[in-house]
Every structure is written in C-alpha cells, then in structure tokens.
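You will see chain A twice below: alongside chain B first, and alongside chain C after that.
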Partner chain A sequence: MLAYFARRLAFALFLVFAVSSAALVLARLAPGDFAAQSVGLDGRTETMAEARARYGLNRSIGEQYGVWIAHAARLDFGQSLLFDRPVADLIPERAANTAILAFTALLFATLVGLPLGVVSGSRPGGLLTGTIRAASLVLLSMPPLLTSLFLVFAAARTGWLPVGGMTSTTSTSAGDLLRHLVVPAAALALPLAALFERLQSQAMSGVIGQPYILATRARGIPRSRVIWRDALKGALGPVSSVYGLVIGTLLSGSFAVETITAWPGLGQLMLDALRARDVYLVAGCAAAGSVFLAVGTLLSDTALALVDPRQKEQIEVRG
Partner chain B sequence: MRTFGLTLLGVLMAAAIAAPVLAPYAGDRQFRGWLNAPPTVPHVRDDAGAWHAPFIYKWTLTNQLEQRYEQDRSQRVALSWLDGGRIATSSDPRMPLFLLGADSYGRDVFSRLLYGARISLGLSLVATAGAVLIGALVGGIAGYAGGAADDLLMRVSDFVLVLPAMYVALALRSVLRLVLPPFEVFVLLTAIFAIVGAPLIARGVRAIVRSEKQRDYGVAALSLGAGHARVLVRHLLPAARGFLAVEIVMLVPAFMVGEATLSYVGLGFPDPIASWGTMLHDASTVRAFADFPWLLSPAAAMFLVVLALNLVMQTPGIAPVYNTADGPARRLRANTHPVRS
Partner chain C sequence: MTLAISPACGRSDTKTGAIAGQEPRRGGQLVVSARTEPRTFNRLVSREATTDFVASLMQARLVRINQVTDEVEPWLAESWTRADSGLEYTLTLRPNVTFSDGHPLTADDVVFSLAAAYAVPISADSLEIDGRKLAMAAVDPLTVRLTMPVRYAPGLRILNNLWVLPRHRLEAAFKGGTLAAAWTLAAPPSEIAGLGPFVLSAYSAGQRLVFARNPHYWRKDGKGVQLPYLDQLVLEIVPEENTQLLRLTSGASDSTISEVPAEAYATIKRAADEGRLRLYDLGVGLDPDAFWLNLKPGAFAGDARAGWLQRDELRRAISMAVDRQLFADTVFLGAGLPVFGPETPANKKWYSPDAPQTPHDPAAARALLQSIGLTDADGDGVLEDAKTRSPARFTVITQKGRPSLERGVSVIRDELKKIGLGVDVVALEGGAVIEKIMSGRYDAVYFHPYLSDTDPAGSPDFWLSSGSLHFWNIGQKTPATEWEKRIDELMARQMQSLDEAERKRLFDEVQKIFAEHQPAIYFVAPRVFAAASTRMINVTPAVQRPQLLWSPDSVAVAP
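What follows is the complex of A and B.
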C-alpha cells in the first residue's frame, strides 16, 4: 500500500515537472513575446532590446529554462511580467478564489445531487423519480460553458444577481461576495449535481435488490432507515470514486466559467498569461493546475480504497 | 427516447449539411443597417385576422445608439421561395429575413448557426474519428503484442491521460500565432483533441483485445494461417465495437464544447468564420446577455446536440459504462477531461 502511494506520488511529481517545463518552453517558442506586446509595434529596436533584457527574454531558451529550473527548485517561480509580481504570490491568491468557487459548487452539488439520487434510486417509477431523472438528463447535457451562459443571461435579464466579478467596487462584505458567488457556483454545480444524482441513483437501485437489505427490512427496521442508513452506506462507491477527480478538476479552475462570469481565478490567470506571453506565469499556472489534478486523482483512488475494500486488495496486488 | 435522440441528431446533421440551401444568407454577409436586429418571426395571419402566404413584419430602427428596433405592423414583407438556390429569403432587400436576429456586425444569426454547425459538428466528428483510430490502433497493438510494447504504449497513454488536457491544448495552441487561417485552426484543434482523447480509448481497447486473444476463435484464425494484422483487425477489434460506440457518444460533445471554449476565449477560429464558439465569443458582452438574447442561440444548439447524444446513450447503454470498475471515473473524465470547459 505504502509503496503504491510512493510510486503514485513520484509519478505526480514528475508530471507536474514535465507539464510546467513544457508550458514554459512552449510559451517561449510561441511567436511574439511579452516585450513586443508591451512595448508595442512602433517601439524602437533599442527600447525593445532593453525591455527584453529587463524581462530576461534575451537569453536562449535553454539558458532561460536552466535558470528557471534552478529557481523553481527553491520554490521561486520567477516574476510575472504582466503583473510585475512574483508568480509564487500571484498563484496562491488566485487559487484561493478558485477554491472558494470550487468548494461552494461541490457542497451545493453534493447536498442536492446525492439525496435526490437516493430518492430516485430507491423508488423506481413514479412521478418524483421521473421528474428527477428528466431534470438530471437535461442538466447533464449542459456543460459548465452552457450553464454559465444561461445563468448569466438569466441574471442579466432579471437584474437579481450580479453578472460578473467577485466583489462590487462599493462593498466588500461577505454578503456581497455570496451574491457574486451564486452564478458561477451554480454554473459549476448544476451539471455536477446531475452527475452525482445519476451515479447515486444507479448505485442505489443496485444495492436495494441485495439480500442484506431484504434481511434488514424483514427484521422490522423502517424502510426510510434502511434506505438512508444501510443502503446508502453500501452505495457510496461510485460517487466517492469520482469525488477526488471532481475536486481536482474544480480546483484547477474552469476556463469557461471563470471567463464568462469574470471570476478572478486560476483559469482566468492562465488565459491572461497566455495572451500576454507571460512565460513564467504560464509555467506557474500549468504547474498549479497539474498539482491539483494529480492530487485529485490520488484522492479519488484513496477514497475508492476506503469505501471498497476490494479495490484496496487490487492496489496491494498491483503495488 | 432513443428514437427521439437519433431523430434529433439526424435533423441537426442534415441541417448542417444542407446549410448552403437552408441558410437565407452567406455566413459572413453583413447588413450594415441591422446591427443586433431582433428576430423576424414569420407570420401567416395579420392583425386584422386575414390569412396570407408566410410573411414577416418590418423592423424600424428607433434608437441608433442603443440599437433598439420597433416592429412596423403595417408593412408586410412576403418571403420569397427558392430564390438564388436558397429555400427561403426575404423578398424585400430592405428587410432581410432574420429568423434568429442579427449579430453585432449585422450578420444573420440563423445562417451563421447553420454554417457554424458544419465547423463545430464537423470538427468534433473528425476529432472523434481520429481519437478512435489512434486509440484502437495503440490499444490493439498493445493488447495483442503484450510484453515490452504493451508496457511502453500504455505508459505513454497513461501519461497523456493524466495531463491536464485543457492546459496542454491551450499551450499547444499558443505556440502558433494568435490568428491563424481557419483551415490550420481546424487541423490543429482536430489533432490536439484526437491526441488527448485517444488514451482513454486505447486503455479500453487494450483490455478487450487482451481478453479476446485468449478465446478459441482468435487462436483458430491464427492456426489457419491468418497473419497477426489480420487476426487483430478482422477478428479481435470487432469485439470492441460496443465499447467504441459508447466512447464516441461521450467524445463528440466533449470536443464540441472544447472547440466552443477555445473559440470563446479567443484562441479558436478567427472572426469572420462562423463556428458555435466564435458566435458565442461575439455574444460575450453584458449588453448581449440582457438585450440581445438571440445571440445565445449557439448555446441552445449545443445543448440540443448533447441532449440528443445523451438520449441515445441513456437507454440502455449508460448502465454498462457505469458498472465497470472505473466506469464512473471514466465517464467523468470523458465529460471533463479531453477538453475541460
């Protein structure tokens, strides 16, 4: 078990290293650089050369990469050219914004999706189950790109909620943040809730037919208690196996939702960095994104091993 | 439900193929005086209750600055049929037929939606075909050959599988100039999507080929003198048909949304080209959301495509996918992974 996790961790580290290096080199190889963009087309050659020297863009790719790696090993990821601040300061700030969004969405999706899945899975047929199923099917057909567009549209039409940004310029209270949170969090949460509902529903209907449920019922335990305690416990596998992955994906930032709702998170930062050819920031964002994804994958494997002992055995055999 | 899904898909595909006939105008034709004009809904009955051949009411611009229009219910404009190879257009050049309104350049949204369907659907279909081809080949060879080749191929595809695909797509895309000719964008996006989508398929195909290889029919074909390639392609790979069908249904929407996301953030197709993503990019202002909701019609179109595919998969195909050991995780990855939106 321990050897397995050690191997997984080593692989994750290698992955993060490879992704951020690739991002740095690729962003550097791209035509046009930050100096050209910031000085502008009419910049004189000397100004341009001066800017390049200032940003360290006059070095060869190999040299620049070497310097970057040497610094990155000491957790210094360079200076963002676009924001003129250390990348190591900028990313945690934006990652925190993304995390607020991610955990709100996850909480909402779990609180809505899971119970509905238990309900629809434990009573096959009926109006309630049909309605839940239909709603999930519709929401599953709407990736966050679409939900965020529709929600922003609804917010703009009704004027009930702010359509973008994280805080108003006039107020910085928690209530204001919450109001801004509704649209992006719901955009992420709705398809996710539908996914949880479907997974939980299928797992429940599988478990309900098991002999142990019948045996518990036969002993006179009330139906609702059997469903919400005994059956639910046995049907948590599928959802918990995707949970870690979901956390990882949510934390690495959603480009679509963050752009559409102007939420200043990681996804938006990466986009800004790419557009401005801010090489260090691109590498930093890619590293952060892959760290979250790797942690998420690891989490979901661990969660699966915890709920389903068979999976643990498999891991031990392989590891 | 399944039939409904298939019908919906068929209609959408037919509309995309028949775009040059169905669309009232060319996708890049601009009507200068009609920026953000609202939809002209065809009527067959006028206010007095009299019946007519299908006609539209004329809009008049009441506020140039805010681009507000008012309907002039006194002027009927008849539709003209089969004019210039197009099924229906307006008979009056001063009032074009905007079934879904006009965008901020005065282009007909309905026409662009149809032309855009060719790019958006075409790209996701070609990319899916590419992913299936690469995945089946890699997975098939790995599963059939076993040993070192298997190890190597699976390590590589595992690596690609855990890459944060959207970051890779963005990084690869940004290596090239920000504005590329449309054909190059098409090829580039197709290639990126096919590569990030392939490992998922390779894994499944490998497992299937590995287990099928043990069965008698494969051994029998070999001992009858069939070559390895023939055994693999003709006898073993067909066993993966069901798996591939499910994967295709999951990859198409993921790629479609991927294109839309990239185009939405400005890294996809360049402007005059109509794709569903570029159309949404044009609609990405608060003003558009509040006052020109017809600009969001590509989002509705995308929803219909994904819904149709989900309906096709729902009964009964979805169950086997979920029931495999890593089914839920795979399904989630297909939704989020190849190109996360």
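What follows is the complex of A and C.
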C-alpha cells in the first residue's frame, strides 16, 4: 500500500512538473507577449526593448525556462508580470477563494445528486423518475457559461441575491459570504448534481437486481433500508471513481463561472494571466491546477478502495 | 454634444447631470466597476486604464486638462508665466497643500516627480519632446522653473502626464534603483501617499478597492465646501461585461469607468426610461478604429502582390467600396458617424470639416483597381493581377474579443468582396496584434490605435514619419514618400508655432494630405454613451474615459 502511494506521489510530482513546464513554454510560444501589451502600440521601440529585458522576455525560451525551473525547484515560481507580485503569494489567496466555492458546490451536488440518483435508480419508470431524469439531462446539456449567465440574470431581476462578487463592501460576516456563494455555487453544482444523479441512478439499477439485495429483501428487511443502506453502498463505485477527479477539477477553478459571477478565484486569475501573456503566472496556475488534479485522483482511488474491497485488494497486490 | 437623457422626474442640467433641487453635499458612498484590476498603485510603470483611474483618485498633477473644454487649467500649480523665448515657464504652487499623510508639498516634490518619471521608460516617453527631456528646477519652496528642450506649442499640456509624487516616500526607492518595484498591489495602503481626493483604505485582490476621503485634500468647491463630496468610493472588479451591466441596472453599482457598449444600449436605455438609470449621450467619439495596409518599403519583396498592395489607388478603392452608413448601422447599431480621417468632429478645435471625404462608389472603386492592373479576367467575381495572374487577396489582422473590431472587419470583408477583393480575417490577442504591427510582418490590420492627445502636437508619434505610432510604416529614418515628408514639415512648424490660427491652418493642410493618401482608412466613429444611477449627481460628462469620473472630487450622491 505504501509503495502504491509513493508511486502515486512520484507521478503527481511529474504531472506538476510537466504541466507547468508546458504551460510556460506554450504561453511563451504564443504570438504576442506581456511587454507588447503593457507598452502598447504607441510605445517606442527602445521602451519595448527595455520592457522585454525587464520582464526577462528578451531571453530565449530555453534560457528563460532554465532559470524558471531552477527557481521553481526552490518553490519560487517567479514574479507575476501582470500584478508585480510573487506568483507564490497570488496563488494561495485565490486558491482559497476557489476552494470555498468548490467545496460548497461539491456539498450541494452530493446532497442533491446522490439521493435523487438513488430514488430514480431504485424506482424505474414513473413520473418522479422521469422528471428527475429529464431535469438531469437538461442541466447536463447546459454549458456552465449559460447556467452562470442565467443565474446572474435571475439574481439581478429578482434582487434576492447579490449580482456577482464574493463579499459586500460593508460586511465580512459568514452570512454575507453565503449569500454571495449561492449563484456561483449553484452554477457549478447543478450540472454536477445532474452527473452524480445519472451515475448513481445507473449504478443503482444494476445493483438493485443483484442476488444479495434480493436475499436481503427475502429476509424481510424493509425495502427503504435495503436501498439506502445495502444497495447504496454497493452502487457508490461509479460516483466514487469520479469524485476525486471532480474535486481536482473544481479546485483548479472554472474560467466561465468565476468570470461571470466575479468570483476572485484561481480560474479568473488564470484567465487574466493568459490574456496578459503573464508566463510565470500561467505556469503557476497550471502547476496549482495539476496539484489539485493529482490529489483528486489519489482521493478518488482511495475512496474507491474504501467502498469497494476488490479495488483495495488490487492496490495491495500491485503495491 | 453632451446630453443627459434623464428619468422623468426632475429637470436635468445637460452639463453636469445635476437634478434641480439636488445640490451636491458631502457624504455618501459611490460604487463603480471596472473590468480589470489595476496592475499596480505606481502609475509610473503602467498606463493601463484601471491603473490610470486609480492614480486619478489618489494622485494629482500640476495642471489638468479639463476633459470637457479640452483646455489646460491650474491644479497644484495655481498660476504660471511663460518667458518670451517660449521655452521657459515659471509655475507657482498653491500654498498650504499637503500630501494625504500630512507632509507639505514643495517644489522639491515636483522636481523629484519629473526625475522619477524619467527613471521609468514607460512614463518617460510621454514627457519627452522630440526625444528630449524637460528640465525642471526649484526656485523656492513654492516656485518651479520648467525649461522645454525646444519651443513647444501645446506648452503645459505635457504636464498632464506628470503625477506629483511624495519625495519623502519614494526617494529611497528612486536612489536605490527600485522605483519601478515600489507601490505594488501588495503595498499596505498606509505606505501610499498622494495629493488626490481619495486615499486607499482597503484592497481585496480580485474583488474591490475601497477609497476613503483624503482628509488633507486641498480643493474646495465654489461655495467653500471641502472636496471631495464623497466619503467613500468603491471600485469593484467585475471582469464580465454582461455582469457589469446587470449590476448597474439592478442598482448594485452606480456606474462604470468606461462607456456603454453599443450592444448594451437598448438595455440601458430601457432602464433609463424606467427611471432606474441616467443615460448620457456624449456625442461622437474621439478615436475611431483604423484599417491600414503595410506600407513599409520592401515588405512584399518577392510576393506576387507587391505590384498593387501598396498603391494609393488600392487604398482609395477600399475607402470608396465600404458603405460607411451600412458600417455604422451594422457595427455600432446605428450609433456612429461616418469619418474620413483620424480626427473626428469630437475634436472641436482641430477637426477640419474641409478635408476631402470619400464617397461610397463601388463602380469607381472597381475602375481604380482596374487602373492598377486588377481585373476579373476569368469572370469568377474575384480580381486577379493582370501580370502575375495571382488573385487579389490579402489577410487582415484584428484583435480578438473586441466586438466593434470583429464586426467591423466582417463588414470590410463583405464590402470588398463586392468589388472582387478577397479578404481573409485573422483575429489575435491584443499583444499579438501589436507585435505583428511593430515587426512589420502583416498584409493589413484593423485595430484601435489611440492618439495621445487631442492637440495634434501632442501626438507626434502618429503624424511624423519617424514616429512609433506611424503604424503603416513605423519609425522611418527619412520619409518614405513625398507626402509624408510634407506632413513632417508642416507638423514641425505646427508643433513650434505659438500662433494658434497658424497652427490650425497648418493642421488643416495636414488633414487634407492625409485624406488624399489615406495611409490609414477610417470608416465610422461611434457615438459614446455612459450610464449612471440616478443617485450619482454633479457629474461633468466627457467623451473620453472615464467619462463620468474624470473629475472624481466633484461627483456626489443625492441625499
């Protein structure tokens, strides 16, 4: 088991290295650079050259990458060109905001999606199951961009919820944060809840006809107890297998949702960095995203092992 | 023209947006939004719009260009005199002015500020005349002597680019060579001092900046009331345009620091009609988008299109082929005015209505193309070069994500197709477009270049052939054409003459030459609209950004 986790950790380190390196090199290779944007069209050639030298953009890609990787090995990810602050300072503050949003969305999606999946999977046919399935399909087919826009529009029209932002100017209470969380968390959670519902529903339909379930029922145990205890545990595999990946993806930040709802998270920071060709910030954000993804994958495997002993055995055999 | 389209209640003052019976009073908070964060609190290192707006809240200049009248007006300098030579100015500072930390302003701060600006290339460019620096010396604690390197007709307008900074706070960084790294976004608010109406009281990364009244601000209104009127100004960061407008229409914010985009006009107008917002029609804008072909000599060497791509006739044909009214209707949804050069009627002082205007005449355009050997020999509707048989086709680069540019280039492509010219459109990020322009590796560009100043002498980089904003052929060592040489001569005289009538006559001639050769083709200048909540009063709207907030100390909220 220990060897398995050591191997996963090594893979995670490789993933972070590969993704951040690729992000830096690709951001540098893309046409245009930060100096051109900051100096502008009316800047003199000498001013542009000075800006390129100041930002290290006059070096070759190889040289710039070499310097960056040497510093990154010491956890110094460079200075953001856009904000003139260390990347290592910018990412944690934005990642914390994204984490608040991600875990709220995950909690909502789990509390809504899983039970609905159990209901629809254990009662094939019927109006309730049909309605749940139709709602899930609609939510799954809606891009997050549209969902966010719709929810922000609804918030503006009704006045019930804040139109974007993370906190109010005058308040720092938890209640204020919760009110601001509703729209972005719902935009992220609704399609996720639909995904969980669909996965759980299909898994439940498979498990519900298994002999061990029928045998339990034959012993006179109430149907609801069999479904919500025995069948649910047996059907958690598919959701568990994607759960960690979902966490990793959510923690990496969503461009669309964070931008539209003005949530100051990692996704918005990455978008700003990409637009400005801030190569160090792009690499830093990509590194953070890959860390979350690696941790998510590990969590996913662990969760699967916990709910499915066969997976645990495989890990132990391989480890 | 400035017109406030106000809600039904109350009579509106078209100049200030003030409602009868609503005198500005001290107190209250205003929430405005921007789509990007400032990059720094140090205006010397960035000219980006939000950074500039933040600087205007916290810092001040010796003189200010009034964005409504376009005239230079006293600001930290209460008066000045000019020597007969036209080279030397003596400026007298207002007495008893202090920075926001209570430290008194002296002439030494002003001299330091100029030296600091020259220490950072981005800010130095805008304070040089013909590549040479201004010289400044402190005569006494309240008097500064400024010497221009050459006679410069716009005079003190150039000081609009000089922010007066606190020497006692920044001198150590200046001497240590770290001035560009001072006052980053990580700087504690208490570290930043200025002479502007507000001080930074809080910064929440990615969310907002909160500015409180500067208790030491020096300015009072006509009735002796200490400015600014507002207790607090909050600048929210809202990256997405639709969300920004929804916040405005729902009352979550009072205004934005930029104009209303054409596609949002109907929504904002409806909100104004319902009395929820006030919509300002500020008239036609100053800086229209420009289309140009690469005119760098040798840019198409070895290219089969070299014989026609840089000809005057081609540019004239393109200008004739595009229906400017259709352009205005399609790109700006009708809210635009056909223009024929870089100056628009918004530049009241310098725009020449007598400069030649190109009629919409596709038949004449085809004839012009035929005169340079572009004919449709095979009858497929696409012109070919009679000599090389290659199709008359070129690529236009534009900026991605700017609706006016993306829609505009589509209209150009469709209109040119009607006269047989093929256009391929490539949309790139802004920085990539600028890099292409500066490297000279492109066929044609449709972009939004800003002139530095409404006074043409303040934009030599555009007009002079050696200029860096002379984008069709940047930084020429000697003028590439006779007409550019003539413009150089006229502009050199225009920039030095102290006779305003003579300057106008010279610039009229420059505009005429420009219109005859059209090195850059202009189609339509959009009308500019701005919007604000009905509680925001005492506004003096201007066509340039930030339209409603360029004089932030005077803005107030209705009680």
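Criterion: the second predicted complex is superposed on the first by the 300 of 319 C-alpha atoms of A that agree within 3 Å, B and C clash if a C-alpha of one lies under 4 Å from a C-alpha of the other, contacts with A are read in each partner's own complex, and residues count from 1 in each chain.
Note that contacts are C-beta pairs under 8 Å (C-beta built on N, C-alpha and C of every residue); 3 or more make two chains touch, one makes a residue touch a chain.
All values derive from a computational prediction rather than experimental measurement.
*Asks:* Quick one: on chain A, after the overlay, do chain B and chain C clash, or do they fit? Just give me the call.
*Replies:* clash
*Asks:* One more residue to check, A:T104. First (chain B), second (chain C), both or neither?
*Replies:* The answer is neither, since A:T104 touches no partner chain.
*Asks:* Contact-wise, after the overlay, does A:S120 reach chain B, chain C, both or neither (first, second, both, neither)?
*Replies:* So A:S120 meets neither chain B nor chain C here.
*Asks:* Report for A:G289: first if it touches chain B alone, second if chain C alone, otherwise both or neither.
*Replies:* The answer is first: A:G289 touches chain B but not chain C.
*Asks:* Looking at A:I260 after the superposition, I want to know if it touches chain B, chain C, both of them or none. Which is it: first, second, both, neither?
*Replies:* both
*Asks:* Could you tell me if A:V152 is touching chain B, chain C, both of them or neither one (first, second, both, neither)?
*Replies:* Both partners.
*Asks:* In the superposed arrangement, does A:S252 touch chain B (first), chain C (second), both or neither?
*Replies:* first
*Asks:* After lining up the shared chain so the two structures overlap, which partner does A:T167 touch, if you call chain B first and chain C second: first, second, both or neither?
*Replies:* Only chain C; A:T167 stays clear of chain B.
*Asks:* Could you tell me if A:M48 is touching chain B, chain C, both of them or neither one (first, second, both, neither)?
*Replies:* second
*Asks:* Between 37-45, 109-117, 235-243 or 307-315, which run of chain C pushes into chain B after the superposition?
*Replies:* The overlap with chain B comes from chain C residues 235-243.
*Asks:* So which bits of chain A does chain B touch that chain C touches too?
*Replies:* 30-32, 149, 152-153, 155-157, 163-164, 259-260, 271, 275, 277
*Asks:* Any idea which chain C residues touch chain A in the complex?
*Replies:* For chain C paired with chain A, touching residues are 29, 31, 36-37, 39-40, 45-48, 121-122, 124-125, 180-181, 184-186, 204-208, 210, 234, 236-240, 242-243, 246-247, 249-250, 252, 428-438, 447, 449-450, 452, 461-462, 468-469, 471, 474-475.
*Asks:* Can you check the complex and tell me which residues of chain B touch chain A?
*Replies:* Per the stated touch rule, the residues are 159, 162-164, 166-168, 170-172, 174-178, 253, 257, 260-261, 264-267, 280, 284, 286, 289-290, 293, 296, 299, 302-303, 306-307, 309-311, 314, 318-319, 322-323, 325-329, 332-333, 335-337, 340-341.
*Asks:* In the complex formed with chain B, which residues of chain A make contact?
*Replies:* Chain A reaches chain B through residues 15, 19, 22-23, 26-27, 29-32, 137-138, 140-146, 149-150, 152-153, 155-157, 163-164, 191, 195, 198-199, 202, 206, 238-239, 241-242, 245-246, 249, 252, 254-256, 259-260, 270-271, 274-275, 277, 282, 285-286, 289-290, 293-294, 297, 300, 311.
*Asks:* In the complex formed with chain C, which residues of chain A make contact?
*Replies:* Going through chain A, the ones touching chain C are 30-34, 36-48, 50-51, 54, 82-85, 89-90, 93-94, 97, 149, 152-153, 155-157, 159, 162-167, 169, 259-262, 264-265, 268-269, 271-272, 275-277.
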